[in-house]
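Chain lettering (A, B, C, D and E) follows the sequence in which the chains are written, and residue indices restart at 1 in each chain.
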Amino acid sequence: MEQFAQIQVSHLFFLAFASLAVVAAFNVILQRNPIYSAIGLIVVMCSLAGLFLTLSAEFIAAIQIIVYAGAIMVLFVFVIMLLNIREEDAKADRQKYLKFLAVPLFLALIGVVMAALKTIGNPAASPNVPGTVENVAEGMFTNYLLPFEATSVLILMAIVGSMFLARRESAEDTNEIETALNAANQPTAVEESSEEEVHA
Amino acid sequence: MQLTSLNLNYAAIAPESIVSVAAVVIMLVDAFSKKGARKINAGITLVSLVLALIAVFGLNSAGRGSYFAGMIVVDPIRVFFSVTILIVSIAVTLLASQFLRDEALPPGEFFALILFATAGMLLLAGAGDLVTVFLGLEIASITTYVMAGYRRYDTRASESSLKYFLLGSFATAFLLYGMSLVYGATATTNLTAINQAIAEGKVQFPALLMIGAALMLVGFGFKIASAPFHLWTPDVYEGAPTIVTGFMGTAPKVAVFAAFLHTFAEGFNAGGVLGSQLHHVWVTAVAIIAALTMTVGNVVALSQKNIKRMLAYSSIAHAGYALVGFITSEAAPVAFYLLVYSLMSVGAFAVIQLLARAGDQKVETADYAGIGFQTPALSFALAIFLFSLAGIPPTAGFMSKFFIFKSAWDGAPTLRWLVIVAVINSIISVYYYLYPIVVMFFRPLAPGFVKPKVSAMTAAALILALVGTLYLGILPNRVMSAIGGSSRTAQIEQPIPSTDQITLK
Amino acid sequence: MLKWITLAPLIGAVINGLFGKRLGEKVVGAIACGSVAVSAVLAFLSFSQLTHATPDANGVRRVTEHFFTWISVGNFQADFAYLLDPLSGIYILFITGVGLLIHIYAVGYMHGDPGFYRFFAYLNLFMFMMLTLVLGDNLLLLFVGWEGVGLCSYLLIGFFTKWNVAGDASKKAFIVNRIGDFGFMIATFLVFTTFGTISFVTKNIGGHEVASFLTQVSAPTIAAGGVLTAIALLLFVGATGKSAQIPLFVWLPDAMAGPTPVSALIHAATMVTAGVYLTARCSAVVVKSPTAMTVIAIIGAATAIFAATIGLAQNDIKKVLAYSTVSQLGYMFLACGVGAFAAGIFHVMTHAFFKALLFLGAGSVIHGAHDEQDMRKMGGFRKYMPFTFGTMFVGWLAISGFPPLSGFFSKDEILWKTWSTEALPTVAGFPLSKILWGIAALTALLTAIYMTRMMVMTFWGEERFGKSHGDDHGHASHGHDDHGHGHGKPHESGWLMVGPLVVLAVLSLVGGFVGVPAAMGGANHFEHFLEPVIAHAQPHGVAHAPAAGDAHGAAPAEQHAATTADPAAKVEEHHDTTTELALAGFSILLGLIGIGVGFAVFGKNPLKPMPKLLEDKYRIDELYDATVVHPIETVSREGLWKIVDVKIIDGVVNGAAKLFGGISGVLRYTQTGFARNYAAVILVGAIAIIGYFGYIALR
Amino acid sequence: MNLITITTFLPLLGAILLVLLSLRGSDDQKAANNLYRYATLAITLVTFLVSLVILARYDSSNATAQLVQKNPWIGSLGVYYHVGIDGLSIWLVILTTFLMPIAVLASWHVTKRVREYMLFMLILETGMIGVFVSLDMFLFYLFFEITLIPMYFLIGVWGGERRIYAAIKFFVYTVVGSLLMLVAIIAIYFYNGGTTFDIVEITNNIQTGKTLIPGNVQVWLWLAFALAFCIKVPLFPFHTWLPDAHVEAPTAGSIILAGVLLKMGTYGLMRFNLPFFPTVSQKAAPWMMGLAVIGIIYGALVAMVQPDMKKLVAYSSVSHLGFVVLGIFAFTDQGMQGALYQMLAHGISTGALFLGVGIVYDRRHTRQIADFGGIATPMPQYSTLFLIVALSSLGLPLLNGFIGEFLILLGTFASPVPHAKMFAVLAALGVILSAVYLLWMIQRVFFGEITKKENAELKDMDGREVLAMVPLVVLAIVMGVKPMTFLRGSEKTVTLVKEYVMGKPAKVAENHQDR
Amino acid sequence: MVPLSWYLALSAVLFTIGVAGVLIQRNAIVLFMCIELMLNSVNLTLVAFSRFLGDVTGQLFVFIVMVVAAAEAAVGLAIIIALFRTRETLNVDEADLLKL
C-alpha cells in the first residue's frame, strides 16, 4: 500500500505510454502487413517521445517525433508504398521453427536482463535535470563537438550510398557493363604480366 | 566551460579530416567532370590516403593523450592501426581502378565510399569514447554495406549487401544497448573514465556494467566475425565483389579490433574487485570465443569449394587467432597480427580478383587448375599469400602467429590451452590453404583459361602486399619495435581528463 | 710385410676390376695369379719370420703389424692391424698356396668366359678378404674379412648372372651367412662389454694397456658362466653360418652354382673353414664353457652324419662334394667341441688339400664332359681323363681315410680325441664322447661309401654320356653356354688345369705327415706348433668346481707351457697309446669297408636309386621355406604392409582427415543462407555470453 | 662476412641470380634450360667448395660452436641471427652441400619448368643448411619449416602420379609436428627467462640448473619436440608419409629427402631433446629405443615385400633411421657417434640408391621390380655401382653403412638404458633383414634372364650419371675404410651431448653404484 | 518520480521484442523496422540514465544514435530497393543464393 501511496501522475503517464509502446511493439513484429508494422513502430516512437518527456528530456522528445517518427518512418512508409508491398504472400515460411524458437529466446534474453535490472534497486534521481535545449546544445558543441562533426561525414556518406544504390540502372549502363565485362575477359594476345618477380 | 579545456587539437584528427575532405572533393569532381574521370578520382584518393598516412605518423607530434574532450586519443594503438587501415585502403584503391574499368562501374562513388569508410575506421581506431566508437563503427559499417552491393545488377551482390546490412544493424543494436548499460553503470562514456570508475569502485550498478560489457562483446564479436557471430561472413564475402571482400575482410576488422582493444583491453581492464571480476569474465569469454572461432573457421573452410568462401572462413579463423593475442590485453601482437593479416589477405583477394576475371566468374577453386605456370607471377604470389595465411615461414603470417602465441603463452598462463588449440587449428588450416596451391600447380590446366591482364596499379598493389608479407616475415624487427612501445597497454598510469570536464554540471 | 700379403691380391682385384675389360685374358690371368703368387711368397717368408721370432713370456711367437686405427670411439677401439701367429700362419700358408693353385687352374677353366676379368677381380678380392680374416688382430677386423669373404662368395656364386639358380643361390648364401653374422656381432658386443676390448693382443686404449680378451678370459679368477657360454655359443652361431653347420648349412650345396674353382677355393678349402678358425681363435673362451663345448661337439657330429647321408644320394657331382664338405666341416667342429682344436685345424688343412683336389678334379670332369655335372650321364671317364682320374683317385683315398694319406691322419686324430676327451658330459650314464665317436666313425664309413659311389659313377662303369643327348638336365649349361663347346666325348683338360691337380694330389698324399701323432711314432709337429695359441679343454664338470687354484682346469692358454711339461697329461697320453692305435686300425678298417661296400653296391649298378628323402636332402629347404621364409613374407606383406601401414596407420591419419572433413561437411550446413537463421544463432550466442556475464555478476 | 652465413645463403643468392638470368629472356627454351642447369650446378658446386673451407677451418678438438655469427635480428622477440657449427652439424652441412650437386646432376632430365625446379632446389639447399647451422631456436624453426615449401613443390609439380596426395601428406605430417614444437620452443623461451632463443645459452642454463623446468612440463615439452622430430625421422609409427613422398618425388627430391631432410629429425633429437631435457630423455630412452627397434624390423620387413623399388628404398630408410634413433638414445659414445655416422652413411648410400633407381626410371619409366630382371647384362657398369651402393646400405664392412650400424649396435649393447641389450639384439636382426630385401631386389632387377625385351637394349650409364654416381660410391668406400676422418670431427661434441644427459663420467660411476 | 528500473525494464522489453521480431518477420523492411525498434529502446535506456545521473551525455548520445538511425535507414532502404529490383521480393528467406 505504501508503494501505491507513492503513485504519482508521472507513474500513470509512464504506465500509459509504456503499455502503449509494448502493445505497439508487438504489433510491429506480429503484423503481416508491413504498413501496419510501420504504423506500430510510429506509435512506439511517439510513446517513447512521451516517456522522454516524463524524463524531462524535452529536446530529445521533440526530435524523436520530428526525426524518427517524422522523417525516418515516413521514409519507411514511402518505400513500402513505392515497392507496392502488400501482405506477405501465403508462401510457407521456410524458417517456421524460428517462430517457435523466438519465444524461448525472447524469454531467456529478457530473463537475463531483468535479473540484472533487479539489482539496481531504486536509486534517487539526480537533482540535475539535464534535458533542456540549452544543456543539450552546450554539450553538443563542446564535448560532443567531434562526434557532431563526424555525423556530417556519416550523413554525407549515407547520401552518396543511398543515391548510388537506389538509382535505377539505365539500359545504357547495363550495356556498358556487359561490353566491359566481355572486353575484360577476352583472351589477351601476349601481355606479359609486368609485375614483380616472386622470388626476388 | 573553456574551449581549451576540451583539448581541441586539430592535428589529432588530421588523418580523418584529410580523408573526409578528400571524399567530398571527389564527389564534387565526379559531379562536375565528364565520365571516365576515374584516373583523377583514383589520384585524389591515393594522394589523400598518403597524406593521411603522413598525418598519422605526425600524430605523435600532437603527443600521446586524449583530445576533443576525450573523444579521440593519440596512442600507439591508434597510430599503428591507422597505418594498417590506410595501407589497406591504399592497396584497395590501387586495385580498384582496374576493377572499376573492367566492370564499367561508376568510379566516383566507389572512391568516395572508400574514403568515407577509411575516415570512419580511422575515427574508430582513435575513439576514446563510446560515442566515437559507435559513430566510427557505423560510418565504416554502413559504407561497407553499400560497397558490398556495388554491383547493383548482380543479385548476389545485393543479397550480400542486404544480409550484411540486416545482421550488421542487428549486432549494432546489441552493441549500442551494451554501451547504454555501461554508461548507466559508470555514469560516463569516456573509456578512460570508465576504467577509472571501475578501478575506484564508483560503479553504481555492477550488474549492469557486466551485462553491458557482454552486449558490447556481442557487438564487437559480430564485427570481427567471431563465432558464433560469424555466419554472415562467408555469404557476404562471397557475394561482394572480390575487391570489396578484400577491403571489408581486413580494414574494418582492424579498426574494430582497435576499438575492441581500447574498450576491453584498456577500458575494461581495471583494478579493483569489480574490475578484476570483469576482466576475468571477459577474458574467459574471449578465450572461448577465440577457440570456437578458430575451430569453426578452419574446420568449415576444409569443405569449401569456392575460394572466396574458403578465404572468408579463413578470415574467421584469423579473427580467432587475433583474439588469442587479445586475451593478454597486449596490443602489440594483435596489432602486428592484423597488419600482417591485412597484407596477405588483401594480396590474396587481389590475385583472386584478377584470376576470377571481371564479374567474378571464376571463383571455384577448381577453376584454377593448372594455371600455376601459365601465369606464374600471380600464382606464386597467391601461393605465398596462402603460405603466409597458413603461417609457414619465412612469411609474415608465421611471424605474426608466433608473436601471438608467444604473447598468449606468457601473458595468460591459465589460458595456455588456447595456444594449443590455436596450434592444432593451424595444422588443420594447412590442409585447405594447400588446396588451391595443389590445384594451381599440381593439376593439369583446365580449359578456357584466360591470362589475366594486370594493370600497373594492380601490380603496384600486389607488390605492396607481397613485399610487405615477405618483409615482415623476414625482417619484422623494425615494425615490431615500433609497436613494441605499446606492448603492454597502459592501464592507469595515463593521465585521464578529470570527469568534470566531460560532464556538465 | 703382412700388409702386402693382403694388399697384393687387393691391388690385383682393383686393377682387374677397373681395367680388366680392356686388358685381355692373358694379362688379367697374369695379374691375378701374379698377385696371389706374391702373396704366397710373402706368406712363406712371413711364416719363416714367425718361426724365428722370439716367443713372448707365454711362449707365443707373434708378428704384428699396425696399419691404422680403424674405429676408435670412446673406450672402443678396433685397429686395422694384422697378427701373425701359429694359427694364422698355418692358415695363410694354405690359403695362399691352395689359392694360387686354384687361380692357375681357373685361368684354364674360365677361358673364354666374357666375365673373365670380373671373375678374377672377385677371386683376388676374396683372397684379400680371406687373408684379412685370418690376419686381423681383433674380432672386428676378423668380421670384416668374415663378411668380405661372404660378399665374394655371393658375387662368385652368382657369377653367372643370367642364370636364375645362381642368383637364388648367391642370395641365399649371403642371407644365411648374415644370420650367422648376427650371432658373431652380438658375441663381439658381449666381448666388448665384458672385457673392454675385442683385440687378440694387448692394446693401448685411451692410455691404458688393455690385455687381450683371450688373456683376460684365461685368468683363473674368471669363472665360467652364462656370459662366456653366451659368447661362445654366439660365436658358434656365426661359425655355423660360415661353415655350413646345422641349422645353417643349407646354403652350401646351393652355392655349387658358382664356377667350380670357386667351389674349390671358397666352398671347400678356405672360406667355409673360417668358422673353425674363429672357434680355434677364441678357444680360450670356448673352453671356459662346457655347455658350449658340448653343443659344438653335438652339432658337429650331427652335421657330419647328416650331410654324409645326403651325400649318399646326390647325383650332381658337385653336390656330392658339397655335402661331403659339410660333413667334413662337421668333423672339424666335433674336434673343436671335444677340445681338440689343433686336430680340427689339422683337418682343415688336409681337407683343404684333398677337397680342393676333388673339386678341381670334378671341375675338370665337368669341363671335359662339356659342362655336364650329372653323374648319371657320366661313367667310364677313366680312359678319357687319365690325369684327372689319377689325381682324384688320390683325393678319394685321402678323404676315405686311407693311410698314410693326409685325410687319414687328421680324421683319425679327431676320432681319437673324441673317444678320449673328458670335456663332454655323460648322457644317461653313458659318456657322450663315445656316442659322438660312434657317430663320427659311422660317418667315416658313409664317407667312404659315397665317395666310392661318386668315383664309380664317374670313372668306372658304362659310358652313359651322349645317351640321353638332348635331355637337358644340366642346369649348369645356362651358365656355361658361352663356352661354345658342342657335346661329344669327354676330353682331358689342359695343363693349366691338370698342373694344379697334380700338385694338390701330392699335397694330399704327404700333407698328413706334419701331424703324425705320437702314438704312431710321429712328433705331431702340427699340434705342438699350434699349442701356444690354443686353449685346453677342461674335463667336464671342473668348471663347476671353484675355479681359483685349479691350475689344470683353468690353465690360461698363453700362460700354459707345452703339454709335455704337464706330467699328468703325459702319463695319461702314454697310457692310451694302445687304445689309440687300436682305434686307428678300426678307422682304417671302416674306410676299407666303405670302399668295399661302395664298389659292391654301385659297381654294377651305378644308377641304383637312393631313398627319396635323402635325394631331397630331407626337404630341409622346404621346411625352412614353410616355417620361416613364407610366414615372414606373408606376415610382412599382408599383415604389416597392407594392414598395419595402409589400414591402421594411414587409416588413422586419413581417418582424422576424413573426420575433420566430415565435421566440416556437417558444420557447413549451419550456413543455410537465411539471414534470420544467422540472427537466431547470433542471439543464442549473445544470450550465452550475457548469461555467463550475468551469472558471474549476480553470483 | 661469416663463412657459414655465406654457405647458407649462397644458394639463395644463386636462386636470385637464376631469376635475373631468366629475365634476359630467350627464345631458345632448350638453351635457356641448359643455362639454368649449368648455373645451378655451378652454384651448388661453389657452395660445396665454400663448405669445404668451413671444414678446413673447423677445429675438431673444440666441442662447442665455432665460426659463430651472432647478430640481433628481431629484438622485440629476443631472436638473434646466430649461426655456427659444431661436431653435430659440421658433417651434416657438408653432406648437404655434397649431395646438392649430385641431386642437380640427377635432375638433368627434368624438362618441365626447369627454372622453377632449380629455384626450388636452391631454396631448399639454403633451408637445409640453415637448419643445421642455426644456434637459435627460432631461426632453427624457421629454416625447419622453410624446407617444406620447396620440397612440397618438388614433389607436387615434378612428382609421379599420386604426387598430390604425397605432397600434401608430407607437408601436413611435418607441420603437425613442427607446430607443436613451436609451442614447446615458446615455452622453453619463457622458462629460460623470456629473453633469448639462443640454443647455446639455454643449453647452458639448463645444464647448470639456472633454468628449471618443472618435471611434468618437461615431459610435455619433450614430447612436443620429439613428435616433431620423430615425424621427420620418421620413427615408427609416424613413417607412412615417407614411402609416399619418396615414391612420388622426382629422383633429386628423393635424394635430398632421404639424404638430408630426414636427418633434421635425428639432428633435432640430439640438438634439443637430449640437452634440454636430460631426465626425460633418460626416462624416455627405453620407449624410444623400443620404437626404433620396431621401426628397424618393421621397415625391413615391409621393404622386403615392396614391388616398387623406390618404395623399397623408402622403407629401408625407415629401418635405417631406426638405427640412428636407437643409437642416439643409447647415451654412449659409440651409440651416438654411430648414430651421427649412420646419418651420413645413410645420406650417401640411400641417396645413391635413389639415384640408381632414378637412372633406370629415366630409361624405362617404371620402378616396378617385376618390370626388370637381368639388366646386369646390358648395364654392367650401372649394376656394379648399384651393387656397391646396396652393399653399403646393407652394412657390409669396409663400406660406410657398417661403421654406423656397428657402432650403434655396440653402443646400444653397452648402454646403461634398461633393456638396451635386448634392443640391440633385436635391432641386429634388422641387419639380417636389410640383406634380405636389398639382395632380393638386386637379384630380381639385375640378375637372371632378361624377360622383357625393353630391358635388353637399355643403355648403360652416360657420363653425367657416372659423374653423379661415382662420388657417392667413392665416398661410401672411403667412409667405410677411414671412418676416423669423419668420427674425429664429431667426437668432442657428441661426448658433450652424452654428458648433458648422463652427467660427467664421475657421475656415471656413481649411478652405476646406485644401480 | 518513476523508478529508474521501470524505464530500464520497459526498454529491455522493447529491445527484446525487437529481437524477437527479427526472428519472426520475413519481410526485409519489417526486419529493418524491428532493428529500429531495438535502437529506439536503447534510446530510452540512455535518456533514463541521463536523467537519473543528471548527466546530459546520455541525451547527446541519443542524438547521435538518431542520426545514425537516419543514415542507416537511408542506406538500408536503398539496399532493399536495389535488392527488390533484382529479386522482385522482399522476403529475406528468398535471398539464399549465398550459402553453405
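Keep in mind that, in the parts below, a contact is a pair of C-beta atoms (placed from the backbone, for glycine too) under 8 Å apart; a residue touches a chain by one contact, two chains touch by 3 or more.
Only a predicted model underlies this, so the values are computations on that prediction, with no experimental measurement involved.
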item	value
Labels of chains that are neighbours to chain A and to chain E	B, C
Most centrally placed chain, judged by C-alpha centres	D
Interface with the most contact pairs, given as the two chains involved	A-E
Euclidean distance of C-alpha centroids - chain C vs chain D, Å	37
Distance from the mean Cα position of chain C to that of chain B, given in whole angstrom	78
Inter-centroid spacing, chain E versus chain D (mean Cα positions, whole Å)	64
Intercentroid distance (Cα basis), chain E paired with chain B, Å	25
Multi-partner residues of chain A (at least 2 other chains)	94-95, 98, 101, 105, 109, 112-113, 115-117, 119-120, 123, 128, 130, 135, 138-139, 143-144, 147, 151, 154, 157-158, 161-162, 164-165, 169, 197, 199
Set of chain C residues in contact with two or more other chains	657, 668, 671, 673-677, 679-680, 683-684, 686, 690, 694, 697-698
Where chain D touches two or more other chains at once, by residue number	172
Footprint of chain B on chain A - complex, ascending	112-113, 115-117, 119-120, 123, 128, 130, 135, 138-139, 142-147, 150-151, 153-154, 156-158, 160-162, 164-165, 167, 169, 173-174, 176-177, 179-181, 183-188, 191, 193-199
Contact set on chain C toward chain A in their complex	674, 676-677, 680, 683-684, 686-687, 690-691, 694, 697-698
Interfacial residue positions of chain A with respect to chain E in the complex	8, 10-11, 14, 18, 21-22, 25-26, 28-31, 34, 37-38, 41, 44-45, 48, 51-52, 54-57, 59-60, 63-64, 67-68, 71-72, 75-76, 79-80, 82-83, 85, 88-89, 91, 93-95, 98-99, 101-103, 105-106, 109-110, 113-114, 117-118, 120-123, 125-131, 135-136, 138-140, 143-144, 147-148, 151, 154-155, 157-159, 161-166, 168-169
Chain C contact footprint on chain B (complex, rising order)	162-163, 166-167, 170-171, 174, 206-207, 209-211, 213-215, 217-218, 221-222, 227-229, 231-232, 234-235, 277, 280-282, 284-285, 289, 296, 299-304, 428, 431
Chain B-touching residues of chain E, taken from the complex the two chains share	8, 15, 18, 22, 28, 31-32, 35, 38-39, 41-42, 45-46, 48-49, 52-53, 55-58, 60-61, 64-65, 68, 71-72, 75-76, 78-80, 82-83, 85-87, 92, 95-99
